[in-house]
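Each structure below appears as structure tokens.
What follows is a pair of complexes built around subunit A, which joins subunit B in one and subunit C in the other.
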Partner chain A sequence: MPLLYPLVFAAFLFSAGVYGVLARRNAVMVLMSIELMLNAVNVNLVAFNAYLQDQLVSGQVFALFVIAVAAAEVGIGLAIVLLIFRNRETVNIDEVDLLRW
Partner chain B sequence: MKELAWLVPALPLAAWAVILLVGKRLPDGGAPVGLLAVAAGWVISLTILSDVIAGDRDAYHAAVVWAPLGPGLEIPLGMTVDGLAAVLLAMVTTVSMLIQLYSVFYMRGDERYTMFFAKLSLFTAGMLIVVLADNLILLLVGWEIMGVCSYFLIGHYWEDAANARAAIKAFLTTRVGDLGFMAGIFVFFWAAGSFEIERIIEGVESGSISSTTVTIGAVLLFCGAIGKSGQFPLHTWLPDAMAGPTPVSALIHAATMVAAGVFLVARMYPVFEASGTVLNEIGIIASITMLISALLALVQEDIKRVLAYSTVSQLAYMMAALSVGGYSAGVFHLVAHAFFKALLFLAAGAVIHAVHSNDMREMGGLARAMPVTFTTFLVGALALAGIAPLAGFWSKDEILTDAWNAGFGHGVEGLATSRTVAQVVFVAGMVTVFLTALYVARMLWLTFGAAYRGHGQPHEAGAGMLFPLVVLAVGAAFGGLLALGDNSISTWIATPLLPSEGPATLNLGLILASSAVGLLALALGTALYRRGLPEREYLERVPPVWTVLQRKFFLDDLYERGLVRAVAGALAPATYWFDQRLVDGAVNGAGLGTRRLARGLRYVQSGQAQWYAAALFLGVVGIAVVVTQLVGR
Partner chain C sequence: MTGQEVAFLILAVIGGLAGVLVVTARNVVHAALYLVIALSSVAGVYLLLAAPFVAFVQVIIYVGAIVVLILFGIMLTRAPVGRRVLDNSPRARAGAFVVGAGVFAMLTVFLAGAFGEARIANRAATTTVALGESIFRNYVLPFEAVSLLLLAALIGAIVLARRD
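Right after this comes the complex of A and B.
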């Protein structure tokens, strides 16, 4: 399989993730979009690992790391969203602007 | 004993620290600490001096490296104990000890009693450092310690604005001279590669320093001496220094401060001696100074001011001696003067204590009320006037003899002073003898003669104040013995480069002439002031002279209108503007600019996480583009 296919696929995945992060109002949706972007990276890592025929399979190992980090990130992220919802009765991130000037 | 000489300045220095830190909790406000310190130094000094007298003439030298600043640039902390230092140590500690003892009684009840003694100790330490210093940097340290102490002590009663002004004037005027002094130090460091006085003298003697450099350096060093020793044209601070308490005046005018300038010239005498230009300059300046200050002493109403001007005049005498090759005569006069001038000031202090005024118009007739003070004052005053056989007679006569020999007599071998200058010095010296005796007679009659013109009932001072007076009077009366005989002061202070000229050669004709002039002036003064204060001062009948003398030869006016006004009127506002607008403006501007910028930029902080994420994303894309464009090729 040529390298191009997985790379194009990963690019679509990443762009969808970026769009989700920037355009969605629901904080849970934003977190899910971040997962999309991370997985686009994972696709790239695996694709390049296969392409370069790395004997140490470091691309796949790295992908596993990313999955683990992503799980942890979602855990923390959801906890934050949960707390915000408890305090402000909303998960709309437009309304969460405590850092405003 | 010479290796212990460092203790002499170190003890008063330690006393200063102790009094400053815990003085108020010590018995009698810490005064005994200062007194004990200087007394211990006095014992050491006398032992050293007796060693020197006994024949131990070798200079003892000890040094540690103080500040190693790199190869060839080390500032040593060292001392030279030779005959000159030994004589000065003994003189300074003796006079300073007596003055401190006197102050215990004179200053009793003063609100800054403890501080006063702290400052006296530091002042004494400063002078002792100058005396012992083997290098110019250490000498400068002691020199400046004295400068700052004189500022503190003259301004001791700073609540009165005039006193504070006098303190500032003394500090700034001497600083003008110090500028030259420092420049001189650097000239000699540059030329000799060392701050050590011995190295510099070696360089001058061996000719490795060019004569032009020696002249420039010596003139600059002499600037410092002009400022410190109150020579024309920087003498104006000395009379104003009378604002301080009387013991301070005694200390400044006798043992320390003003003596430092003369000592500097004596310590570096081979350097000054090498340049005829410098010796001529010293001679001319000394002649001007002794004449104008003696004239000014004639018209003062404040007893301390009379003494102040007489100090200026007598210091000029010492400088004049040095200018005509009279190394030992100058140092001898320095020692003799220290005794009789300290005595005069302390006795004047006792008088002021009794009549509560400095003004001689409110004194008179005190001889009967204060017999001991009168007797001692009389001894000091006659010594000042140079009446035989008191100390001032011998030293003054030695100076006149040296000037005569250099100017009119057989000449002095190897002396670089021009004959004309020596003649000027001699004539000025003779005129000053006359003027000195005249103002001494005026001061004596106005203070102690005729009838009492002040208020209240003056009474004799206590025994504690009289004791130092009597001791100093003995010194002032018999100080002449130092210069008589084979083993005299001139052999003690001689160095291989400055061999003793042997016992003073007394020129009988000269002695008779100067004594006649002095006695004549005393008689004239007696005739003029015997009945106390005249209706109008005699000189007042010659208006131009009177105006010139009242205005102090317009020097104060010149400084006030010219220098002070130029500095305070133009330079000070300009520097203030520069500091406030440019320096502070830059600092404030940096803060203000940041605030202004932030006011615009803070709207970026919308609090919208997605907006931040978009900015982050764009940034990463931007960096990626740049990196691929630059690195990718």
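Right after this comes the complex of A and C.
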């Protein structure tokens, strides 16, 4: 299989995630777009691991690390979103502007 | 074109379409369900790239846990339905589209220039044993750091979300 196939697939998923982060104003949707981008990175890691025939399987190991970090990130992110919703009755990221002056 | 490539193309088309629908759907719950399809097709891609353990971890953690967490988040924040409340203004969306399309075009051109001829040689799938040996021989320190990070995230999420 050409290495380009998974790379272009990952690039497409990443671009979709970039669009989602910039175009959405609901914080939960932004988190979902971030998950898409993290997955694109993981596809790249696994594809290069297969391409380089790495003895240490570093690509797959780091893909697992990224998955674990993504789980931590989405847990904290949703906790923050819940807290914002409880305090301000909204999860629109353009309405949460406490730190702006 | 080999069967492997055909299977990859089918998975990539399904995953790509689902990915686009995740970021354009008008209904938050639909977007979360499209996310399930996109993440599952990524798991299929891992299988085709001879990484079965990562594929099953993907299914268990992403499809099983993270999407459920996101669905709970949607439920608890009473996310409204509709383009106007979920998305930014059309002008901002057009800008976001330009940025996304630009990133995709740039990555595709550069990757095609750098890896246009490269091919992935077929080989036996990475066994879970090999993966475990690599983690616990060469990457013990990052592994322990990740476990500490997960603990910190767990405590942090409880502290943040608790009502007192």
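Going forward, the second predicted complex is superposed on the first by the 101 of 101 C-alpha atoms of A that agree within 3 Å, B and C clash if a C-alpha of one lies under 4 Å from a C-alpha of the other, contacts with A are read in each partner's own complex, and residues count from 1 in each chain.
Note that in this section a residue touches a chain if its C-beta (ideal position, glycine included) is under 8 Å from a C-beta of that chain, and two chains touch if they have at least 3 such contacts.
Computed from a predicted model, the values in this text were never measured in an experiment.
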Q: Could you figure out whether subunit B or subunit C reaches more residues of subunit A?
A: C
Q. Does subunit B (first) or subunit C (second) touch A:100, or do both, or does neither?
A. first
Q: Have a look at where A:57 lands relative to subunit B and subunit C in the superposition and call it first, second, both or neither.
A: second
Q. A:81 contacts which: subunit B (first), subunit C (second), both, neither?
A. second
Q) With the two structures laid over each other on chain A, which partner does A:18 touch: subunit B (first), subunit C (second), both, or neither? A) both
Q.
With both complexes overlaid on chain A, does A:41 touch subunit B (first), subunit C (second), both or neither?
A. neither
Q. Between subunit B (first) and subunit C (second), which, if any, makes contact with A:31: first, second, both or neither?
A. second
Q. What is the shared patch of subunit A, the residues that subunit B and subunit C both contact?
A. 18, 21-23, 94
Q. Which residues, counting only subunit A, touch subunit C once they are in their complex?
A. 1-9, 11-29, 31-33, 35-36, 39, 42-43, 46-47, 49-51, 53, 56-58, 60-61, 63-65, 67-76, 78-83, 85-86, 91-92, 94
Q) Which part of subunit A faces subunit B closely enough to touch in the complex? A) 18, 21-23, 30, 93-94, 96-101
**Q.** subunit A partner contacts - residues on subunit B that touch it in the complex
**A.** 602-603, 605-610, 613-614, 617
Q | Interfacial residue positions of subunit C with respect to subunit A in the complex | A | 2, 4-5, 8-9, 12, 15-16, 19-20, 22-23, 28, 31-32, 35, 38-39, 42, 45-46, 48-51, 53-54, 57-58, 61-62, 65-66, 69-70, 72-74, 76-79, 85-88, 92-93, 95-97, 99-101, 103-104, 107-108, 111-112, 115-116, 118-123, 126, 130-131, 134-135, 138-139, 142-143, 146, 149-150, 152-154, 156-157, 160-161, 163
